[in-house]
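Shared chain: chain A. Partners: chain B in the first complex, chain C in the second.
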Partner chain A sequence: MATIAGDRQTASRGAIPATRRRSRLMGERLYFQIGLILPSVLVLLLFQVVPIFIGMDASFRRWSLYDPDKTWVGLEHYRYVLSDTNFLFTVLPNTFLLMVASVSLSLALGMAVALLLHRGFAAQRLVQTVVLLPLMIGPVISSTMMRWTFNDQFGVVNAFLGWLGLGQPAWLADRWYAFGVIVFTDVWLWTPWFALLLLAGLKSLPKEPFEAAALDAAGRWRVFTHITVPMLRPVIGVCVVIRAIDCFRTFDQVWLLTGGGPARSTEVFSIYVYMEAFQNLNFARGSAAAVIGTLIIMVAGLALYALINRFMDVSR
Partner chain B sequence: MAEVVLRDVCKRYGNYNAVDNVNLTIRDKEFVVLVGPSGCGKSTTLRMIAGLEEISGGTIAIGDQIVNDLPPRERDIAMVFQNYALYQHMTVYDNLAFGLRNRKVPEDTIKAEIDRAVDILGLRDLLKRKPRELSGGQQQRVALGRCIVRHAKVFLFDEPLSNLDAKLRAHMRLELKRLHRRVETTAVYVTHDQVEAMTLGDRVVVMNNSRIEQVGTPWEIYAHPRTRFVASFIGSPAMNFLDGKVRRNGSGFYVQAPGGTFHVSDQGSSELAAHDGGEIIVGLRPEHISLSETRTENALHGRVELTEQLGAEQLVEVIAEGAKIMVSRVDAERELKPGTPVYLTVEPGQLRYFDRITEERLV
Partner chain C sequence: MKRKLGGLPLAGSLLLGLAALGATPAQAEGTLKICYMSQPVIDANVAMMEKWANANGVEFEKNPMSYTVYLPKMSQMLSNGGTDCDIFWHNDDWGQLWKQWVEPTSDVAGMDKIRKGPMRAFPNDEGQPTAVPLAHTVGTFFYRTDLVDEKDVPKNWAEIVAVGHKLQEEGKTKWGYVGGMTHQNTWFSIWWSLWTNGCDIFNPKFERDNAVLDKSGWVPTLTEDCHRETIEFWWDNLHKDKISPEAMVSYGRNEANAIFMAGESAFTFADSTFWGEFNNPEKSKIAGKVGMALWPMGPRLNNNVAWDTIWAWGIPKALDPKQKELAKKALGAMLLDHEGQIAQWKGTGGPPPNTDLWPELASQDPVFAKLKEVVFDVKDQVLSAYYFPNWPAVQKAYADISTEALSGKREDIPAVLERGMKTLHDAAVQQIAK
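And then the complex of A and B:
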């Protein structure tokens, strides 16, 4: 575009005063740029921004199928959600617990896998492919797989435990066992993602500080804690923020594994919203919960971001 | 304090020999410089001494111990890298202390050592800073400090000055020399810069094509190069090489070169005796040539092609029968126009003769 504009400019030199020529050319360029981004802006507006506002509007009204008037009720739904003991004492703790457990475990495991792959060994390519497999399987499929793996009668886990002569718990019928299975599935799903990004980070680190550390008699653990981790901090920081925010809206794994049960004890934020809106058909209450969740994750995200920024400043 | 002995040291990557049969003894407290063009194997040799590269063949001994199978940390060496390799997230103090802490040295001893090092290097005010807040020269001094506090047996330097600008490089070169005189540790220094090699080294090792070409004091290397490569690599501007024919003249010899003939000294005659009538290469250093505009006996006749004014002197390029000859140390005020006919003479004792095929010095 720039060259076309440039050619025009030289061709028409002298015919039109410089300022007018420039403004017309700039305008042409602007139209072109707007034309390029317009389709995606329209899609974004229609399918993301407008629904968000409709949803927010709904959260202030009595928006159910039997009330066509959609009466304005102000903060009533917010008051309901914020005084719902289930939301406050089960859903939110579960959501944050899942976030902390899943992110920290998959970060630790991903780091271990990345270090292993970075060191290089004979069957590295094969192992690398196998390790990355969970990334290529849809969460719905892997969650279904996990549900069967942990099935109390037919699952491999219990078959194996039985073979060892150990107890065979009803995995998905007990709150903490079920929650454990959810965390396990989430970690299984996301470890490769961490491994992949951390491996890329490791590969981009300069090798001289590691050589200097080898001459400085630093053992493996000291190299890891004093050289590798500080140098990887920016990568770790970005991974944790992205993953933590993403984890807040976990839905598929929990829905397929426990459906929030037993007795709503493993319900997380997305499930709560879904249940309110589409099971109880109380769209307004669901919307209110969604807005509250958005606010929470915004605050949490900003806090995390600030924390990690400070963390990275230290490394600078 | 220790001697470093390399015996038949090789480094192979598949079929490629990066270092080929290197034999070298570096004496205790000696400052040895490995110099050569890039890819000649000098850095690889240094990294094998450090333990950062495996040794494919031969042995390396530090002190009385063969270190082939020792990991770097057990070799008791310290190294300065080209890009300093400082720990960016640690303060200068922690950078200096890291190696000592890893060796479980008590904190007060560490503090005392760092105190001593910062006094030597003038880093006292920078201890709380992070490396990225320092200039290149300051970072380099921190890297040196990391070596000093360690009291390692051997210091290794891998092109430590090449990231600095010319002025700072000259300054740091002097500092390094002073430092070595003060700490008296065996040092191996790798560079591709012949000026660094000549000024810093007690001895200079010239490497080319994975092999050592010559080992000697800077003066030996300059005055008595063993091969054409060494002669061309050391000295600036580089030595001129002319194709010559050896001719007998009664009991002595002379050499016929493009544009004229050279008389040969008595010493030279014995060097050339076996090559009567043969074709050789004559080497003459630009700084040993005197240039005259009046006809002179036993001189090469040529024409001025180009002059380069350096202020203190001029460099003059002369073409003699198609051969290019560089002349330096020409009075800066002399006016030499391109095309001026000139006569070049050299003291016979300053000529060097090389075999045209092996390119080795004739003896």
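And then the complex of A and C:
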């Protein structure tokens, strides 16, 4: 009786305010969810969004780090950056050249490493760990290491070339040698990242197409070009887009290897911004350059996305 | 209960956020916070102030930071009226950059004992000094005593080439001269030789009064013979006489010092503060075999020149009067700490700022006596930088121009220097602040 009464009570209690209870429950859940994400949102707002807006605001003012008088100067800094021949004819070409060279070489080598690791062999686990080592070393450390590796007096590379009886170039004193060292370092650092993601992609591919190709006696190259690559295109696409955007803002390697030299010849976008903002202490001009760079990479990113989408559509 | 649970994270987040926004570090009375770049000479100087703080019941908080972030970080702190540091490391290059944010220091005990010349980098608009020196940093020509007798030490550019070449031919050393040359290291090759050739970066030469330089329009000397000769001297050293490695255009002082300390060069030029490192047997193969000499002169100048600048400490103007007083007491104690300053010199090679100690040191220590002879006693002292806000931009522009000239063909040097005139002038006159 008590149970029936209780049930009735529950039923009657539940019948009328059910929506209210549900909405209260939803409200509590919403509060809970908001509470959970609020710290992250606050941190993001304070340390990412607000500084971006402060930086954008600074780009329209006269604002040096040592004397921020903040007078409004409109587009003066943008005009300066966009008419700076160094920015237009050295910095931007270097940035895109580094992006193309580093991403394409890392992709090619990463694919080779991934295919090798995918085949499986006795010491595969060990090799896999060794291959991934560069990923575990900070770019600052590896770049410093590379600077000494390519040192003309003490470097391992020149010691080896000397042992072979070959010439010993002044690697960091010549524009294209220095640029080559930057690309080499970047590729060395990022090939494992490509290898790791492509290996994951390879492992997720269905076996049937490969078995069918084997039955048809297709050669390895044909299987690679007609089955593996088309099926991996989504993974390749995402890797290329992420890495290309990331490469646009490369700083550590270039700064530590060449500092943008000799004579600004290897300067890339992020070094230009850094030099203006923190070397010349012209925070406003550095901010203007950063905003211009953001716009450029947005356009480049959208173009890359469009290209990749088209690429994937074709592969479907 | 559920309602409470739902509200908890929200309330917690808000509290956390408010706490983060409102939190300020606790500042105990009698606490001194010191910000600096960790380096043996500076560390030794900090130790003197720490000793004073411990003896006087003052809490002493050390905040070492990286050189690469030091300038922007401190500029940002000072220009925002920040008080994160009660005492901070100050450098002659930045003397004019921070002048309006820094406390005058003429009332610090012991300021009457220091050398006045290097303080020309640190006056505020009222002409008051805004720094307290911690050590002299002087440009020094170093040579290998095991390879070169004192009487054979080069006295001019031609002798550097001749002696260096001879030692290379005899297989005693791989290089004649190695010194830093890239951005922020231009002093250790090009600039010291530029000054010994009676030349400078802007006209009027050796002028450091910004009003005079402003009036003269910051005209570079790049196209003058004295400047071209200096660049050609280094071009020949790198490419023709090969007493220096071609890659030297990319060397900072770390690389140059490493080659000298590995015993592969007969001569180098560096701050005297590296004396200790060059003679440290754990780091250097040439420990105990290093001598100091007068700068070898260029063809256009007969009298010796030298530079004598200082590393110093500053006090933010934004501090409250009590903190300023405490900071000044600590700095005064450092300046008057004879024992500590002698220990600084003996342990690190950082010449003490208190000149009362110099005669005593010179009579007891032949190394100090030599440094005094080749730097402090030289009558014509050069100020090794220009003390105005655009100096970092000028320094970078100059390094790029000289690197380009030294990396190309010899016959292209005049054209590169001619092109550099506008670049260097623009770097000097660009207006980035009122």
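Note that the second predicted complex is superposed on the first by the 290 of 316 C-alpha atoms of A that agree within 3 Å, B and C clash if a C-alpha of one lies under 4 Å from a C-alpha of the other, contacts with A are read in each partner's own complex, and residues count from 1 in each chain.
As a working rule, a residue touches a chain if its C-beta (ideal position, glycine included) is under 8 Å from a C-beta of that chain, and two chains touch if they have at least 3 such contacts.
Owing to the predicted nature of the structure, the values given are computational and were not obtained by experimental measurement.
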Clash-or-fit label for the pair chain B, chain C on chain A: fit
First, second, both or neither for A:206, with chain B first and chain C second: first
Chain B versus chain C as contact partner of A:154, first or second or both or neither: second
Superposed model, chain A: greater residue contact from chain B or chain C: C
Touched partner set for A:226, first chain B, second chain C, both or neither: first
Which superposed partner A:124 touches (first chain B, second chain C, both, neither): neither
Included angle at chain A between vectors to chain C and chain B, based on C-alpha centres and rounded to the nearest 10 degrees: 150
First (chain B), second (chain C), both or neither touched by A:214: first
Shortest CA-CA distance in Å separating chain B from chain C in the superposed model: 47
Intersection of chain A interface sets (partners chain B, chain C): none
Chain A-facing residues of chain B, complex: 50-52, 71-73, 77-79, 81, 83-90, 98-99, 102-103, 130, 132, 146
Chain A residues within the chain C interface of the complex: 24-25, 27-29, 31-32, 34-36, 38-39, 42, 62, 64-69, 71, 151-154, 170-174, 178, 258-259, 261-264, 275, 277-282, 284-285
Touching residues (chain side chain C, partner chain A) in the complex: 2-3, 5-14, 16-17, 20, 71-72, 75-76, 78-79, 97-98, 100-101, 174, 182-183, 245-250, 255, 258-259, 262, 264, 389-390, 392-393, 396, 399-401, 403-404, 407, 430-434
Chain A - residues contacting chain B, complex: 206, 208-209, 211-219, 222, 226-227, 230-231, 233, 314-316
